[in-house]
Structures are given as C-alpha cells and as structure tokens.
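Each chain carries a letter (A, B and C) given by its place in the written order, and its residues are counted from 1.
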Amino acid sequence: MDRVGIREQIRLLSVKRFEDMFQNDFLLTWEKKEEEISAVLATAEILRHMRLLKISTRAFHSGLAVAIFRDKSTRTRYSFRAASDLLGLSVDEIDEEKSQVAHGETVRETANMLSFLTEVIGIRDDIFLGQGNRYMRDVAVAVSEGYESGVLPTRPTVLNLQCDIDHPTQTLADLLHLINFFGGVERLKGKKIAVTWAYSPSYGKPLSVPQGLIGLMTRFGMNVFLAHPEGYDLLSSVEERALKNASNSGGSFIKTDSMEDAFDGADIVYPKSWAPFSVMEERTELLQKGDLKGMAVLEKRALNLNKKYSDWECSEELLKKTKNGNALYMHCLPADISGVSCERGEVQASVFERYRLLTYREAGYKPYIIAAIILLSRLNNPAELLLKCLEGFRGTED
Amino acid sequence: MDRVGIREQIRLLSVKRFEDMFQNDFLLTWEKKEEEISAVLATAEILRHMRLLKISTRAFHSGLAVAIFRDKSTRTRYSFRAASDLLGLSVDEIDEEKSQVAHGETVRETANMLSFLTEVIGIRDDIFLGQGNRYMRDVAVAVSEGYESGVLPTRPTVLNLQCDIDHPTQTLADLLHLINFFGGVERLKGKKIAVTWAYSPSYGKPLSVPQGLIGLMTRFGMNVFLAHPEGYDLLSSVEERALKNASNSGGSFIKTDSMEDAFDGADIVYPKSWAPFSVMEERTELLQKGDLKGMAVLEKRALNLNKKYSDWECSEELLKKTKNGNALYMHCLPADISGVSCERGEVQASVFERYRLLTYREAGYKPYIIAAIILLSRLNNPAELLLKCLEGFRGTED
Amino acid sequence: MDRVGIREQIRLLSVKRFEDMFQNDFLLTWEKKEEEISAVLATAEILRHMRLLKISTRAFHSGLAVAIFRDKSTRTRYSFRAASDLLGLSVDEIDEEKSQVAHGETVRETANMLSFLTEVIGIRDDIFLGQGNRYMRDVAVAVSEGYESGVLPTRPTVLNLQCDIDHPTQTLADLLHLINFFGGVERLKGKKIAVTWAYSPSYGKPLSVPQGLIGLMTRFGMNVFLAHPEGYDLLSSVEERALKNASNSGGSFIKTDSMEDAFDGADIVYPKSWAPFSVMEERTELLQKGDLKGMAVLEKRALNLNKKYSDWECSEELLKKTKNGNALYMHCLPADISGVSCERGEVQASVFERYRLLTYREAGYKPYIIAAIILLSRLNNPAELLLKCLEGFRGTED
C-alpha cells in the first residue's frame, strides 16, 4: 500500500464510530462493538503499512506503557514493547518479585502508583482461573478512582494481554491474519473454522485462546466448530456468548466431541491443547495454598487424563478431510510438535512445517493490534494524528 | 495553570540562583541552599503543568539515566523511569545480581563503565547503615575522576533515591504536597508537624524518611515534633542539623517520647515505623557477614521490642487531639494498616481510608521532583529550555 | 573536532566502499573487508564527536534493538543500550529464564518472533565452545528466511556481542583506542603488540578476546606476539587466519611460550587470562549434561593447572623490558589485579593503577563502535543521514 492508499484507509477509519473506546479499557472482545473491532483492525493495518514505508508514528511525546506480566511470555512481551516503541511510549515492566507488590500491597494502591504518567497498563494474568480478568478490573476501578479524584492527570487504559477468560490481542491478530489470507472480512462469511482441543504432554495450559476464538470468530458469519474430549469444556458463559454472536452474524456455533467432525470440510483449523476446566479450578486452589505435593498429584492425574486422548493430533490424514485437503492451519505458538518439541503433541511435524511461516505471519500482526488499541483508546481523534504522521515524514531512508 | 501562567513561572524560575546545582549531585537536602530547594519545587510544578497540557518536555535528544537499585522498590523505580521518559532519557537499570558488579568489581571502575553516555545515576542503597550514602559518594568521586581525566565527556549527576541517611526525592515530594495543600510555602510557617514513630509488625525499616523529614521541614519555619519510644533514636548528626535549621528559619525542633504530645494541636502528622539505630547497626554487621542465624535472632528480639510499643498507632482517637481534629495525615507508602495489611500496624484503617487519596496525591509529585533535579543539574539554562518546550508544542492532542 | 571537521569526516566516510555491510550481520571481524573495518572506525569517531557537541543522532524514528545475553555482562550490556539510545532505538532485553525461550522453543521460531519491528539483534553467547557463534548464525538464517518469505518487513542485523570465537565490538574498541593513542592507523605499522596469557585464580574465561585480537591486529601491519603456557592454545583456525592477515598486511604473527619474549621491546601489552581449549571443551560437555560434580572436579584440576603458571603476571619488572619501559597496557576489564581483586592475578596493582584511566578510555569506545555497526548495517546511505543530523541540531545546550 502506498501513501495514497494509506490516506484513503485513514479517511475510511475516520468515519467509523469508535468514540466509546476513548479513555476506555480493552478486556474482552465481546464487550466491543463490531465497528470498534473493525476500527482496531483498520488502524493496525494503517500502522503496519506506515511502518513498511518507514513513516514514524511515534505520536506520544511523553508517557509510559506499564507491563505487568504474572506469567512467562516471549511474544506478547515483545509485541507490547514493539507497539509502545512504535507510538513513542517508554515501557516500564513490573517484575512482581522485585517490586513491593510482592509485600502484600493492595492492588488499588499499586495501580495508582504506576499510573502518574502512564497511558496504558498491559496485564498478563492467566494462571489463576476466576482471577486474571478480575484483577484487571480491580486495576481499572483503582485508576478510575485515581483519575476522578484528581490524583491521576489522565486515566490509563487497561489492556488485557491474556487472562483466564480471553486473549484479545492474540485473537484479533488471528482475525487480521484470516482477513488478509482470504482477502477481506466479508470473505469469512460461511467459512468453517475448527477450534479443537489437541493432545499435549503438558497440562495447565490456559483456556483463554479457544475461548477468545469462539467469542470472536462467531461474529463474522463463520461456522465455528468447537471440538474437545469429554471433560475439557470451556467456560459456559463464553459458549453462550458464542451462540448469541453466531445467531446475530448469520454464522453458527456447533460443539462436537470429534476432531474428525470438526475438521470435515473445514476452511481453517486451530488445534490447540488446553486444560480441563475442573483441573484449572483445582490447580488455582492448590497454587493459592502453595500445596506443591497436591500440585504434583494433580499434574500426574491430569497428564494421565490427557494421554487417553493422545490421538487428538493434527495429522496429515486428518487434514485431508478439510476443504480441498488444505485448510489453513493456525496456532498462537509455541506449538507442541510431534517428534520435534515433544514425542507426541498437538501437530504432526510435516503439517507444522508446511504452515510454519504462515503461523509466524499470524504472530506478526500482534504488535500492530496492540498499538492500534492503544491509539484508539488514548486519542480523541486518532485519524487526524495518523494523517499528521503521514505528512511529517522523518524516517530513516534506505 | 495555562500557558501564560507557565510562562510566568518559568520567568520566576529564571531569576533564582541555583547555578551551583549545575553538574552537581543531589545527595542530602541540607547540602542544598534554600533557593536551590525552591528552584527544584518550582521546576517540578512547571513540568507537572506542562505535562497536564500535554506539552512535550523531552529535552534530551540522547543520553541514559542509569538506575542502581540495591533494595526492592516500586514507586521510586517507577518515578525515576517516568521522570527520565518525561525528559527524553533512556533508562538502564542495573540488576546487581546479573551484572558483573556482583563479581567484586570496584565501584570506581563500574561507575565509569556505566557513565560514558549517562546524564544521571540514580541510586537506592538503604540496607546498610553507614554505607548507602558513602557508596553514592564513592560513585560521585569515581565519575569526577573520569570526567576530569577526559574519560567521560560529561560528569553524570549522582541522585540519591534513598540511602541510610536521607530520602530527598520523597521528602521534597512531601514538601510540595504540603505547599499545594496549604496554599503556598509561606503558609507553612508556624505549622506544627508531628514526625512520629509508629508500630509495625516488621522490623528493619530504614531511618531515611524521618531523618529526611526533620532535616527538610525545619527549614520552612515549621514546628517539627519528633516522637519515638526510647531507643528508637535517629542519627544525632541529623538531629543537630534539624535544630540548626529550625533556629535559622524561625521554626522549632522538639523531641518527645509521647505520640500524644506530638499530635497535640498538630497541623500535619506523619506516623511511620523505623528500626532502632542500634538494631540497624547490628543488622548491617550480620548482613555483611551473611549470618542468617544471627539475623533470625535479631529479628525476633527487635520484633519483641517493637511489640512493647504496639499502642503507637495513628488512631481516630489520637487524631482528635490534632488541630480541629483533622490534621493532614501523610505517609510515604506503603503503610502498615491495622486490620488491612497486618493485624495491628501504623495506622487505623478508617484513618488511612479517609486520607488514602491524599497520600496517593503526595506520591504523585515524586516523578516531577526527580525530573526537576535532573533538569537543574544537567542544564546551564533550564528556564530557557523550558520556554523552548513551551513554544515547540508537538504533543498528542485529545 | 568542530562541525567543520565532522563534516569533512563524513565526506571521507561517504567515499569508502562498505555497501556490503548494508542489511548484513557482524559476526567476525575477519569476515569484513579492510574498508569496512575502516568505515566502522570512522563512523564511531563521527558519532563520538557529534555526541561531544550534543548533536542528536537519534536517526531511527521507530524500531527495537533486541539484546540476548546468555552470560553476565555489565559493560557490553550498557554499551549496547547506550548505542541504541544514541540512534533512537528502544532496547528489548531477553532474559532467557523469564521468556518461553527456556521451554525448548526452537531458535528459528524465537528469532522471528523477536524481529517483527527489530533493527538489530545483539547476542552474547560465550559459555559454550563451538556453540556461541553457531547460535548467532542460526538466528541469522532464521531471520533471513523470515524476511525472504515476507514474514519480516526488514531483516534485522545480527551483531556478535561476544561468542566463543570472537568479541568484535571489544577488539574494534581496542583498535580505535590504539589509533587515537598513537595518532593514526598508519602509525600502527611495525608496532609490536604482546597478546599474552596471564595468571588468574579463576578458570573458564572465554578465548574470544585473545582470538579476536590476533585476528584483527594482524591486519594493520603490526607485529603480533601471542604468548601462553603449553596447553593454553587458541583455536587453530583463528591462528591460521592471523598468519594470513600478517602476511597480507606486512606485519607478523609470532607464537611463543614466554611472556618475557612477548614483552621484549613491545609497544603494547595485552595480558589476559583464558582457559585452555581442552578445558573449555570438557566444560561445555559437562555444562550441557548439567554434571555439577564433574564441573567441580574440572574446576579444581583447571585451577591447579593455572597455578603452575602463577608467575605469568604483568609486573613492573616485566614492563621494564618493553619499548622504553613504558608500553601501553591494555585490558578488556575487569582485570584480576594482584592484591586488589585477588591475592595474585593478571597484573600488579601499581601497573594497573598507572594505566587504569587509559583502560577506562579504551572501554569508552565500545558504545560508539556498536552504534557505528548498527548504522552501517541498517542504512543505505549513512553518510547522508549523519549530515542531516549535523544540520538539524536540536540538542540540549549548556
């Protein structure tokens, strides 16, 4: 896309209705209207193409992006940092073991202490079922109080970088990948996507990605199939949301306990392991009690349960059942690849290798999705600012 | 404050005499002249109001702010980072366990190795009594040598982010809070402030905040009461300084062993726990020997000593004794709140809750105090630069 | 150097032939042509003098500099960060224990995940013999694949911040120090430099510095003497390279097992400890197996071997044998100083003290060397950009 194309995309963005995003949080995709989701995707693409033309979008001339990671992360950490740099924000990453957060400080206080010059607080908290999203909302309430009482000059945006319920920056990157792969959001209508459980020799993987997928992809007229063995249910409230979405969008949401059924004729497959809900609940309790022995017992039991379903693997044979035998394979990475990263895992090595670079491309949208959300939630008129950036070209030329 | 008001404040700043701060360190407030303290406060307010109007003050177009934290920190870490970002400096935080500092390198060498492109070195070193401030001065001597011998192109400013003696960025934020709360520095004259020990179920808290407070607040004509149980003395040299300050400023510095006396008719109360001097001395020795068993014995003894004074709590009843029963409560945070963060602590929950947002506001001045000190110690003509920033508005508009 | 001088240096740079550096890696100095090495040195000096005049060279208006440190580091970490700041890049430092790199992710995937908006990836990996440089090349292959397949918008430069074979940013800083000390690169012709092993009470120090030195210094017509006790050989392939270099440049490369011979009449001495090749090989194997007991046995044996050569110390007496008794002493720091950082080490305290500030100055070139390599490998026309920076002065004045 050249400058003229970008200018036109900015014009199209400027007429969308997303004013409710301004000074608001981004915690669950299904709390956002269609036009807001659409504005995020459009802004991400504008930012990506401006970056390709080396047009600076460092729009902020001061301000921090605070990152609170309560779980390990490589790609989301990097994406948040890259997005912040793209917009001119400095990152302050809070290591909860080093800071006084560890001494039992209340969330309320810490949230304000980290917000005096902060534009956005990105949080990953996906370990504890029933806690991660709640923690984010506690932070949101705290900074609202700080802002309303004049303690904070602006109210920072709280951005979900993965919780126990949703992983919005991942699924929006997935969606943008689908749109670009198939040539437009309207082309997704009627497409069948198989969101299926897959075997992994590890346990305790969060439910946020499959939940986020069924909560988002059902909004675009797709036929979303959710497949998993008995006992590996997702949050029922998210499933209900998916059903409602599908009925609104003219798509469908269908559950099955057969990976084959889900793959049958599918345009897209997203096979990924997750823990049974009940195991996650038990794990949360044990973690909070610090019961290491109980954790070990649970792990053994959970792994044994997993093993019963070790044939839930995205194999060449299964793929043959998909549309023309070549459905688009997707994964949020890292995948458990049979014979590569583990003996037997989520996907056969030859399948993964064929789609590997496409999964990288999928991941590459995340920094722009994050930057787009920051821009739309911080600026009253982001289109105007993007135009200014387009005009004030000062990038490095080569 | 609007642009016209800011311009006037910059003009007032420009006629103050603070030229000795240029290329100098900031280690103890009582090493700074009244007009220098006043310039720091004025600059902090200018920066804060420019930020409120989204006027960029990223004055530095290259340069590092090095942070060396030898103790846990959330709010000072964040404040240093926010201040650096506000001025356009990149932060390099030294984790002493990861770097080769841990291998017994001399301070002299490391100080220079971290200074080649550095504008400021912020240090927190409050664990070892008799060591923290000395370490900062060792760093200062080292970078002076490096600068004078041509190794370093500029001599970075050494900034005390809390040592065993003083915590200047905290107490200056406290002072600015007082000035804004009461409506001007001249209104502080004659006000009674109670700096008192309070009970905490932990031990080993640094003495730097109460010491810093009596060393600073005595300079503005206030009546500073210092209250603590027997054996919880502060450094006598700081107390002597406080006496001298009070006599110069027309205020007073009075010691008492009764929290009630200190609160009686007070305009401001600052109840906060600290360790007895002798305990800190013993602890320093044990820490340096790595004597964990001795540490445990000392902890038990110190906590038992503390318990004798568990009635030193900022209660509703005590507050009633203050001026009109509603003295301004202050704390550097986090406070030990009875029934909230501990069974019994420094302050009753209902008292803290009533003043909670005011303590947040107090903390919110710290980034601007730090930025002001950096600006005044790095620039020959900071007023001129601030004017330029005021004219060159390029911030984000919303 | 004033602006006119800098302008002239930029003109001289612009006619050098270094176009092959563009979008390429920097892994070993001997893979670079003479004119490329010369361009790095010239650019480093231009950047240094622009910094001295407070001329901003923050040329990049977005982009990350990713640092992957697989070993402790103070000065190279700082130098990389300072260089990135100098050019306007934000640093993302990967802590391999915190990120998912630790979970057995393939290098290929991680390299791409960290490269979406990345200009340079700096890597230190000097622990495992035969692995560090190979790891860097794996990363390079991975990002090439990502770039060629359209996953990455640009192909980041992989920069060696010390591996098992070479330490190019160190030795280039050393070289620039020599050039400035002796007054020009042509003055190095015929100079004798003693790269010699020295005793240290530690073991397992990398071979990369001495290897890097003989691989680089032999290219400038110097007479390079390599001295070490029997069994402390360097990689034979690097020694062969040194011989070839010397023959091309009109210098020489001579091996000896006598520190005295190496010092005899030397203009420059670089006494530094390193581990015997065979010990490093064994250590690599034990480390990979996690054999702690084997490591302890090896350490004991290696230290005993070292002790046999504890007279390999850079003493006042030895120095007297050098040219006029005052050869230039060099070290990459930190040095093991007899009676200071250890009982007996690489250098006598009085010798080190006399040259201490010169070794600091030597270290001070590293940030500029790193920045120069980044600039030359990222920009098609770095000279033009430097001219623009020279014209667009917006720095802080004092």
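As a working rule, a residue touches a chain if its C-beta (ideal position, glycine included) is under 8 Å from a C-beta of that chain, and two chains touch if they have at least 3 such contacts.
It should be emphasised that the depicted structure is a prediction, and the values quoted were computed from it without experimental measurement.
Participant: How would the chain A/chain B interface be labelled, same or different, where same requires over half of its residue numbers to be shared?
Facilitator: different
Participant: Turning chain B onto chain C with a C-alpha fit: angle in degrees, nearest 5?
Facilitator: 120
Participant: Would you mind pulling out the distance in Å between where the CA atoms of chain A average out and where those of chain B do?
Facilitator: 40
Participant: Show the residues in chain A shared as contacts by 2 or more other chains, in ascending order.
Facilitator: Correct list: 90.
Participant: What does chain A use to touch chain B in their complex?
Facilitator: Of all residues in chain A, those touching chain B are 22, 59-64, 66, 90, 92, 94, 98-106, 109-110, 112-114, 116-118, 145-146, 149-153, 378-381, 385.
Participant: If you look only at chain B, which of its residues touch chain A in the complex?
Facilitator: Per the stated touch rule, the residues are 51-52, 54, 56-58, 72-75, 77-79, 81-82, 84-86, 90-91, 333-334, 340-341, 356-357, 360-361, 363-364, 367, 394-398.
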